[in-house]
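In the two complexes that follow, subunit A is the common piece, with subunit B as its partner first and subunit C second.
Moving on to the complex of A and B:
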């Protein structure tokens, strides 16, 4: 067993165990913390594949952004003694059905896909300069239009948030 | 295996070759990781101890006192005594706390600062991981620390801790923007995010001189925002003693308190290291083009000493901030960031991009 395989097994074990714990925990802040472990381990998998840029983005956006936001909102709204109520059968049965359905579809897709067996070497890895260029290029495979559309969407969301949070004068 | 304090690359490669010749690749990797982990652990503890001593002395001199002076010459063994005391102190379990999160929180803070330290270039060849996205990586992993602070405040089940954590969380999340944007200004100038390339790019002049005024503005903004990121005074409102006792780590005792305490100093050290590397050339000696003799004399000082000298000079500046400025209120802290630093930073990036586009930089 190589070190890469060992690390892969460790990261996957963390992801699987803590994903299950995230959805089964009765305490909401603990669930958020388990989610944090899942997201960090996913970033670890990206580092293992040497997709450093993707890993750093995963850490910045999901760990530094989304989990912090979730924890902030829990901090403001919930108390330490709070427990979520146990779900009844009416919720558990549909949840299991949907989860099985999703798992089966994913498994079928993964098993049918013909993965290339050769390893990706250093020169084939995407350089961050190429990512940056394609993000603002207007040529083929350029992401200029989606980039601008997302920027406008974010701007609109920011203006909306400021208006909602602003004190009314009347 | 040749050894030179000016270039440790061959030394590293010698050790690497020796390990791979004598062990299987699996065990060689394991041994290398353990070695590097141990070196970082020792370095971390030593620097934190030294910084705590330095802070007490600097604070004392600023307040016209002597500082620790009883245990050993100039009180240098005071820290060892304090360290032993913190190690042996009882860890008080909190009855109504969320125990899992309460115990986890200090480790998240420590892990975040450890991961950030791994990317810092200490000297030529003394660099644990050299990512092509070095700066992005440091910004990404240091954003994890705030989660530890928030969890510590909430799981203590104490109003002071919770208020302290909320304040510090709001502050760190806001100032992360300024840290990121001021580093981005230098990335535009350097054309790379890789730390080794950034240091090499400063061989003929530090970026703070090469980038004209925008680089100086970015440096000042980075220092202010970095001080806030490290929860240091005048931004230490999260642990304002007079109103919140000790903020988010009020309930912690013994070694867990020591972890938070050490982390505060290590975060300050990391902020100073990144500033020294990105703006002041890291381990690169001071070179002035044209002054051949001067450059040659500067080359005689080992790179590691250059790095330490620059870093500790900046650490001293951050300590100077703490003991001379009054503490800011939370609304003042947020106004400073959102209404002043962020707009200045954005305009600064535009100016820097324009300068680099026109080729006006050196």
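Moving on to the complex of A and C:
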């Protein structure tokens, strides 16, 4: 077993265990903390695949932004000592059935398919210069239009969040 | 750098994480925990995109850009969802999905 395989197994074990704990924990603040571990381990996987920029984005936006936002809203909307009521069997059994069947069907399909993987040459363009060039280029493999659209979406989301959470005058 | 890791390992990981998120989405009642399940689902999709990018098209960056845009959309979605949740809490003092029936006809 190589070091990479070991790292992958460690990261994926963290991801799977803490994902399950995120969706089953009955204390909501702990669930948010487990989600934090999942997202950090995902950033580790991105580092393993040499997407350094993406891992940095994952750490800043997901871990630094979204989880902090979720924890803030938990502190605003629920009491820390409270436990969530456990879901009844009527809910758990269909959910487990749906998840298991879906996972089994997807895994069978995925494992049967023979992906034409390419040999990694080591000259892949994942440095920040190439990313920046294709992000604003209008040529083939350029992403300037989605980039502009996502900026408008983020502006709209910002304005919408302010308007929604603002205290009403009436 | 990552010799010895087959593509299928990433896909299995993504599948398990996705359906754990689905399970949480179906069983949870609190709005914020449902939001956390959605984050899990989006994250598993990101892992798949990145793995496909690295293993099938290593000389392009398509999967990486899709992941960046998914992260941006997830951030926008979370901020709006939390604004809505805080608004609901202010009006109904409870954020359980079972008790939200004020707009029912």
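Things worth noting here:
Please note the rule applied: the second predicted complex is superposed on the first by the 147 of 170 C-alpha atoms of A that agree within 3 Å, B and C clash if a C-alpha of one lies under 4 Å from a C-alpha of the other, contacts with A are read in each partner's own complex, and residues count from 1 in each chain.
One rule holds for everything that comes next: a contact is a pair of C-beta atoms (placed from the backbone, for glycine too) under 8 Å apart; a residue touches a chain by one contact, two chains touch by 3 or more.
Remember, predicted model here, so these are calculated numbers, not experimental data.
Applying the stated clash criterion after superposition on subunit A shows that subunit B and subunit C can sit side by side. By the touch criterion defined above, A:2 lies against subunit B and subunit C together after alignment on the C-alpha atoms of chain A. Legend: residue contacts after superposition of the two complexes on their common chain; A:28 is shown touching subunit C, with no touch to subunit B.
Of the two partner chains, neither subunit B nor subunit C is touched by A:17.
Once the two structures are overlaid, the count of subunit A residues touched is higher for C than for its counterpart among subunit B and subunit C. After superposing the two complexes on chain A, the closest approach between C-alpha atoms of subunit B and subunit C comes to 14 Å.
Overlap of the subunit B and subunit C interfaces on subunit A comprises residues 1-2, 53, 57, 65, 72, 74, 76. Interface residues of subunit B facing subunit A in the complex, by the touch rule stated above, are 25-26, 29-30, 96-98, 100-101, 104, 131-133, 136-137, 139-141, 143-144, 146-147, 150-151, 153-155, 157, 162, 165-166, 169, 173, 176, 193. For subunit C in complex with subunit A, the residues that touch the partner chain are 1-5, 7-13, 15-24, 26-30, 32-33, 35-37, 39-40, 43, 46-47, 50-51, 54-62, 64-65, 67-69, 71-80, 82-87, 89, 95. The residues of subunit A lying in touch with subunit B in their complex are 1-3, 27, 29-30, 33, 36, 40, 52-53, 56-57, 59-60, 63-65, 67-68, 71-72, 74-76, 80-81, 127-128. The touching residues of subunit A, counted against subunit C in their complex, run 1-2, 4-5, 8, 12, 15-16, 19-20, 22-24, 28, 31-32, 35, 38-39, 42, 45-46, 48-51, 53-54, 57-58, 61-62, 65-66, 69-70, 72-74, 76-78, 84-85, 87, 91-92, 94-96, 98-100, 102-103, 106-107, 110-111, 115-118, 120-126, 130-131, 134-135, 141, 143, 146, 150, 153-154, 156-158, 160-162, 164-165.
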